[in-house]
Amino acid sequence: MQKDNTIVLRVEDIYKNYGNVEVLKGVSFEIKKGETKVIIGPSGSGKSTLLRCINQLTIPDKGRIWLENQEVTHTKKNINQFRQKIGMVFQDFNLFDHLNALRNVEIGLIKVRGMGKDEARQKAIEELKQVGLEEQANLYPAQLSGGQKQRVSIARTLAMDPSVILFDEPTSALDPELIGEVLEVIKKLALNGMTMAVVTHEMGFARSVANEVIFMEDGKIIDQGSPRKLFTNPEHARTRKFLSKITELYGRSAEKK
Amino acid sequence: MNGINFIKDIVLPPLLEGTWVTIKLLVFSIPLGLLLGILIAGGRVYGNKIISFLCASFTVFFRGTPLLVQLFVIYYGLPSIGIYFSPFAAAVVGFVLCSGAYHSEYIRGAIQSIKSGQMMAAQALGMSKFKAIIYIIFPQALRRALPGCSNEIVYLVKYSSLAFMVTCIELTGAGKIIATRYFRYTEVFLVIGIIYLLMVSVVTRLLSIVEKKLKIPGLG
Amino acid sequence: MAENLLSIYEALPYLLRGSLVTIGLVGGALALGLTLGIPMAIGQVYGNKYSAGLISFYVWFFRGLPVLVLLFLFYFGLFTVLSLDLSAFTAGILVLGLRSAAYQSQIFRGAMQSIGEGQMLAARSLGMSKAKAAWHIILPQALRISLPGWSNEYSIILKDSAVTYAIGLTEIMTRGKFIATRTFKPMPIFLTCALIFLILTYGGVKLLNLLEKKVRIPGYGTEREGIY
C-alpha cells in the first residue's frame, strides 16, 4: 500500500440537523493519500449523511471540508468541479437507466469533462475492464445483476479520475452471493492506492482492507483506530456492543470473507 | 356522372390539395407542440413558484376548454388587441398551444416518476442541475411519456380538421366546399373519412416505429 | 374595459341558456354511449369471432375519424339520404353518442380484461351461465374500475360538443359566435365561453370524482391520472 502523508480530504466539525433531529454533531476526520477509511456504526448514526455532506449533495449546517487544500464548503468555486474529484458510489447504484453500461461510464467524461467521444470510449472500456465487465458494455442496467450494476457504477466513478471515492454501503442492496464480487473490486482499488471512505456493515472487509476504522453512533465519532485495535480491543463499551451485535447479525462467515 | 368517375375526377383533386394543407399543418404543429410540452413540463417541475404556477395555469386553461374556443380566441379575438394571424397560422398556433398542454401533463408525470437517485448520481459526477436534467432526466422521462404523447399526436391528426372552423381550407374544408357544391355529402365525407383513417394509420405506425427505436430494456 | 364588461353582462343570459343545451347534449351522448358501449364491450370480450370482429370495425371507424367529419357525414349526408328529418340537437346526440360508444366500449373492455380469470371461474363453478357471470360478477367490478376513464370521457365529449357549432346546433359556441359577430366584441365573448367550459369541465370531473369515492370498494385501486 503506497501511502504518503499528504492529506487528501479533511472534514472539520460537521453539523447537520433535519428539523429537530440532530444527525451529525461535530464530526471531524481526515484521509491521507492512498488510505482506506471504513466507517461503521448502527443504522441512523449519520454515516450516509456524512458522505453526502462531503460532496455537498447535502449542505452541512456548520463545519468545513477541504479537498487537497482547497475548501469545498463556503466556496465561490463551482461545486461541480469538486464533485468530479470526489467520486461517489451509492447503495442502490443509481445507474442511468436509459444508458447502457459503456455509456453510463462515458457520460461524465463527455458531458462534464468535455472529453472527445473516441477518447472517452477508450477510457470507459478501460474502466469497465478494471471491474471485469468489458463483456457487458452494451447491456442496459435492467439487464445486469445487482453486483454487475454496482461494478459499473464504480467504473463510472473511476472514469472521472477522482482524488477520493466515497462508498455509501455499496453492498447493502445486494443478494449475499453477489457481495463478494463487488468487495473484490473495492479491495483491488485499495491495493492500487486509491483513496477511499467506505461506509459498510461488512466487518470482514473492514478488517482486511481498512487502514483505519471509524465507529460512529448518534451523529458522533465514538471510536477510531486500526482495525486490529478496534476489533480486538475497542476502547469504548458501545463499540464492543455494536461489534458483537453485528457479528451476531451477519455471522462469523462475513468476518472471514 | 357515375359514382366512381365523380369521385375520381371531381372530388379527389381538391381533397388531395386539402390533404396537403393538413399535412403542412401537422408538420408545423406536432414538433412545436412537443417542444412546448417539454418546456411547460420542465417549468412546472423545476421552475420557481411563479413559473410553476404560470405553467400549471396554462395547462388547466388549455386542457379545460375546447380547441374550437381557443381557435376562435386566436383568430377572431386577438385582432381586437392588434394581433393578426392568417387562418393557417392561427390554426398552427392553436394546435401547438393545445397539444403542448396535453403533452406537458404526460411529460410532467414521467419526470416525477424518475427516481431521485438519478439526479443525485448525475450531480455526484459533477453535472450541474441543468446538465443533469438535459442529459439524464429528460432522455428517460421523454421515453416514458412517449406512449401518452403518441396518443396525443394521433388525436391532433384528427382535430386538425378544426382548422376549417377558422377558414383554413384543409382536407375537411375542401370536402365541405365540394360536397355543398354538388350536394353529395355522403360520398365526399366517406372519402374524407378514408383519408383520415389512412393518415391516422400511417402516423400510428410511424410513432410505434419511433417507440421501438428508442426502446431501452427496463425503461418504459 | 367597462364596455367589454357590459357586453359580457348582456351576452351572459344568452350564453348560459346555451350551456343548458350543451349539458343536455353531453348528457344524452354519454347515456347513449354507455348503453351501446357496455354490450359492445361484452360482445368483444365474450362474443364469438364475428361479433367481436364487427365491433372492432365499428370502434376503428368511429375512433379513426375526426368528430367534425362524422358530424358532416351523418347530419348532411347519411341522415338526409335516409330521409330522417332530425333536428341538429338530435343529430348531435346521435353522432357524439355513437362515437362515444366506441370509446366507452374500450374503457369497459380494458376494465373487464383487468379482472382476474378466477372471478369468472368462481362464478361458473356456482352454476352461473357465462352471461349471468358477466352481468352479476364481472360488470359491477368493471364499472367501478372504469369510472376514472369515464370521467375522462366526460371531459372529452364536453369539449367535442363545441364542434356541433359546425352544424348550427345552438350550444355555447354557436351562440358565442353569433353575439361576437353582432357586437364586434369577439375577445370578451369567446373568453366568457372559455370560462363556462372551464367550469363545466372541472366541475363535472369533481362531481364524478365524488361519485367514484362513493362507490369505491376497499382494496380496489382506482388510482387515476390527474386531470384535476
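The letters A, B and C name the chains in turn, as written, and every chain counts its residues from 1.
The rule is simple: a residue touches a chain if its C-beta (ideal position, glycine included) is under 8 Å from a C-beta of that chain, and two chains touch if they have at least 3 such contacts.
Just so we're clear, the structure is a prediction, and the values are computed from it rather than from any experiment.
The chain pair sharing the most C-beta contacts is B-C. Of all chains shown, B has the CA centroid lying nearest to the centroid of every protein CA atom. If each chain is reduced to the centroid of its CA atoms, chain A and chain B end up 47 Å from each other. Centroids of chain A and chain C (each the mean of its C-alpha atoms) stand 57 Å apart. Chain B and chain C, compared by their mean Cα positions, are separated by 21 Å.
Not a single residue in chain A touches at least two other chains. Against chain C, the residues of chain B that register as touching in their complex are 60-61, 63-70, 72-73, 76-81, 105, 109, 158-162, 164-165, 172, 175-176, 179, 185-186, 188-190, 192-193, 196-197, 200-201.
Across the complex, chain B is touched by residues 55, 57, 78, 80-84, 86-88, 90, 92-99, 107-108, 111-112, 140-143, 153, 156-157, 160 of chain A. Here chain B touches chain A in the complex through residues 115, 117-118, 120-128, 131, 135-136, 139-140, 143, 216-219, going by the rule given at the top. Listing the residues of chain C that touch chain B in their complex gives 60-61, 64-70, 72-73, 76-78, 80-81, 155, 158-163, 165-166, 173, 176-177, 180, 184-187, 190-191, 193-194, 197-198, 201-202, 225-228.
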